[in-house]
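Inspection log for the structure reproduced underneath, given as structure tokens.
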Amino acid sequence: MADPRVIVVGAGPAGVRAAQALVEAGLRPTVVDEGRRDGGQIYRRQPEGFARSYPQLYGTEAQKAKDLHDSFEALRPHIDYRPETLAWNLTAGQLHVVAGGERTAVLPYDSLIVCSGATDRLLPVEGWHYAGCYSLGAAQIALKSQACSIGKRVVFMGTGPLLYLVASQYLKAGAQVAAVLDTSSLSTRIRALPALAARPALLWNGLKLVAMLRSAGVRLMAGISPVAVTGDDERGVSGVRLRDAQGREHSFECDAVGLGYHLRSEGQLADLAKCHFDFDEPSRQWLPRIDEDGRSSAPGVYLAGDGARILGADGAEAAGRLAALAALKDAGRPHAVVEMPQLRKRLATMDKFRRGLLQAFPWPHQLASQLPDRAIVCRCEGVSAGDLRATVRDLGAQEMNRAKALCRVGMGRCQGRYCGHAAAELVADAAVLPIERVGRLRGQGPVKPLPMSVPLAVEEQA
Amino acid sequence: MNVPRFVRLAEQGRAPIRVTIDGREAHALEGDTLMVALLSNTGQLRHSEFGPEVRSGFCLMGACQDCWVRDEQGNRMRACTTTARDGMAVRTTKEEATWPTLA
Amino acid sequence: MSSQHVQTDVVVVGGGLMGASAAFFLRQRGVSAVLLERGLVGQQASGVNFGNVRRQGRFLPQLPLAHRSRDIWGRLPELIGHDAEFIATGHVRVVYAESQMADVEKYATDAKHWGLDLQILGRSELRKRFPFFGPEVIGGSYSPNDGHANPRLAAPAFGRAAKRDGAQVIEDCEVLQVEKSGQDFRVNTSSGLTVTAPAALICSGAWGGAMSAAWGEPVPMVPKGPTMAVTEPLPYGIVPVVGVSTRIEHEGVYFRQVRRGNIVFGGGRRNPAYLDGRRANVNPNWTLGQLHELRRIAPALGKLNVLRTWSGVEGYMDDDIPIMGPSAKVSGLYYAFGFCGHGFQLGPGVGDVMAELIATGASSTPIEPFHIHRFTSVPAAETAVVNA
């Protein structure tokens, strides 16, 4: 019997460990990744020629990063590795890719393991469209991958553990951090401690970061409500205005803002594969349905890592391996089946921590309804909160795809990645509907912009 | 605005490269992304199509698509995922309506 | 689920552009109407098509209807309070081969007799006016008063205007049964609402064939999904709608730049579409094929990025001619469906003509070529119970 043709999308922690399990079982999987180098986001590699050490780049996670990179190096001779390759579309049993923005191909598969990772999750604030306002993840990438700060004086705002991590990394690297502003209150974080204690090492790291920032004199505020990023059209960001937990206004001067509210799963390929999505109450977002091993509702399609559930890098590694083992089992090539129960157990522990994080750093959905009408929600198309409200009130939209058709929200280059969640909150609020009733933006290919210079695709034989 | 936006904190021992921004020669380092090559010299990458403001990218991971720039021939590049190369010439000004006209 | 009954003059089944404009124009004539739509107004073919508001290239006997419709497009703001982003940019059909040039010249000669004035442009004149054409284009035909509009907005705008003027527009309401007893049609729906009316107008697009078949008037219609896409926004520099006149299916692509700057394109090969799922998916290889063809027409398009592709469910008649007019068998029953992917421009005119036909008994615009009796051969009973 011929080997099943397996494609892994994504060379981050989940994809690497999935590929590793497949190679152990004697297969030669194809690994498709958009990046120039492996590692995904959290273990993003600096370009060749950069000199910083692993501890400098990855701090407490240095060893894990090194292990992952070394594992991938060891895998390379045994896989069909396609870097700088975008999976732009998918049909049954076929992955449509474009390499280097130039060369198209159709890759047939029997099993597809999608490890597409996550992006920052954003909630708009008035002025977030000014030059100099970046996502939290962007601020981290600028530092990690290019040794730059996003500005001379940075304010970090939002919520989630990344907020404190990036701020402390900036501080350590010699950047000027004006303030760290958290929408989550101290009391919600304390209430979440039991769940966070599921992963004590991570909890301890988090507390140390906060202490370090405080002792460096960085202004830390919790329970805040963002009011605006101030700036002008030509020069970009000039500061941040907010209200504290008691309702008093504060402002900070800065020329850069790192903004983010934890993470959002990249579900476009799962959507194109016609995977079923369910509304996840704790995170208030739609997630693709998976069983405990990562099988999606679409036959032959497995989902692992932050692209399916935000469990962080360790969770992604476990989920990637588990999904690969499931794919092997389903293909009649069982391998290391005895490991599967313990991997499931590890994931369950990580999920407990995930819920703790969501409890400690909740998505502040109520801020969406407080956005002034003039605040831009869809950055790509310039659609404001007022436009969205009018689309519900005057044009009768009660659902996201209808709102999109009528006011263009989510029609821009980012295809709703950064406006989709907030737009849903606004539509639900204006329509007086529970959030899950307004649905989600339906995914349409290409997954990312496709250059119109590309040729007809060659279907590759396995 | 011509005020550099990004601040280099380390890794400055790399080989220098030259890029041209809106017709002016600028300096960057080998291994820079095009975004860093631009924003270490200037404050903007492009103009918003539907608003008066300039943009300077957002996510740095190829997801937001807010950092697309064009070269002198009108070829488009996503600045955060493109490596800057010596000799690149990029425009950050508003594009003209003559773009479809054949030379 | 309430049990409610409404009596009206005309029950319109299907809230696409045909149904919504018919409901609007019925109200203009003081006729009461209830519009029943299974999903949301304008969601199917009406909302996914290319958006061409084009008379050039039509089957010649369709031109009178197309002229009537074109006149309404120009008056949308005063009629429905919304322009649906219609702009009269002109439409140019280009060719790659001399033989095709001859076809296009013949059409221009014939169309003149049907009231459509076209300008034949040779190679250099075409380039002088439109400097974006690539070297393979040898000439074309220009229709100055054709243009384009936004299909996502048009049907919903007509629906809102119909409602404003007193039609009942009921969405999320699936028609389960249409029966006729005595003089009235009786429509049962999924929401528990029952509508009775002496006249029924079937505007259910690709699903219209099942309904006409239930009345003993089957038609040869297949559902197909268009291959559509849109680019990122660019400065507004391509004014006319552009299409290719060709006999080779995959060459037949078209594009239009909207004022905001995005370029919408379509044409070439189509996709299978599913009536029960109400969906169609784009074959990614067809999109790549379109890119190849677009670069031939206007090479600068090769520098752009595609942001999104989509498809939908359109109903195609075997003879490429729609079904429009009265039933051949059942008095009081009317049809307007199966517009073969070329119905968008006709939409306002179809609504106006069907309203006139139903209200007065005759249409001042000839629509005989679209009569369903061209397929009907066997007579059937007047009454029927149909599951929609």
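Just so it is clear, A, B and C label the chains in written order, and each chain counts residues from 1 on its own.
Here is the rule we use: contacts are C-beta pairs under 8 Å (C-beta built on N, C-alpha and C of every residue); 3 or more make two chains touch, one makes a residue touch a chain.
Every value quoted in this text rests on a predicted model; they were computed, and no experiment measured them.
S.K.: Given the two chain pairs A-C and B-C, which is bridged by the higher number of C-beta pairs in contact?
M.R.: Output for the comparison: A-C.
S.K.: Taking the mean of each chain's Cα atoms, which chain ends up nearest the overall Cα mean?
M.R.: Of the chains present, the most centrally placed is A.
S.K.: From the C-alpha centre of subunit A to that of subunit B, how far is it in Å?
M.R.: Roughly 24 Å separates the two chain centres.
S.K.: Can you give the whole-Å distance between the Cα centres of subunit A and subunit C?
M.R.: The mean C-alpha positions of subunit A and subunit C differ by 41 Å.
S.K.: Could you grab the centroid distance between subunit B and subunit C? Build each centroid from C-alpha atoms only and quote it in angstrom.
M.R.: 43
S.K.: So which bits of subunit B are touching at least two other chains?
M.R.: Within subunit B, the residues that touch at least two other chains are 49-50, 68, 76.
S.K.: Please list all residues of subunit C that touch 2 or more other chains.
M.R.: Residues 232, 301, 303-305 of subunit C touch two or more partner chains.
S.K.: Would you give the residues of subunit A that are in contact with at least 2 other chains, written as numbers and ranges?
M.R.: 412-413, 449, 451
S.K.: Hey, which residues of subunit B end up touching subunit C in the complex?
M.R.: It comes out as residues 49-50, 68, 74-76, 94-102.
S.K.: Enumerate the contact residues on subunit A facing subunit B in the complex.
M.R.: Result: residues 34, 36, 41, 46-52, 119-120, 129-135, 137-138, 141-143, 145-152, 173-175, 232-236, 255-256, 266, 376, 379-382, 412-414, 417-418, 448-449, 451 of subunit A touch subunit B.
S.K.: Which residues, counting only subunit C, touch subunit A once they are in their complex?
M.R.: 40, 47, 152-153, 156, 160, 230-232, 281-285, 287-289, 291-292, 294-295, 301-310
S.K.: Given the complex with subunit A, which residues does subunit B contribute to the contact?
M.R.: It is residues 1, 3, 5-14, 30-33, 36, 40, 43-44, 48-66, 68, 76, 78, 81, 83 of subunit B that touch subunit A.
S.K.: For subunit A, which residues are in contact with subunit C within the complex?
M.R.: 88-89, 91, 96, 104, 106, 395-396, 402, 405-406, 411-413, 415, 444-446, 449-457
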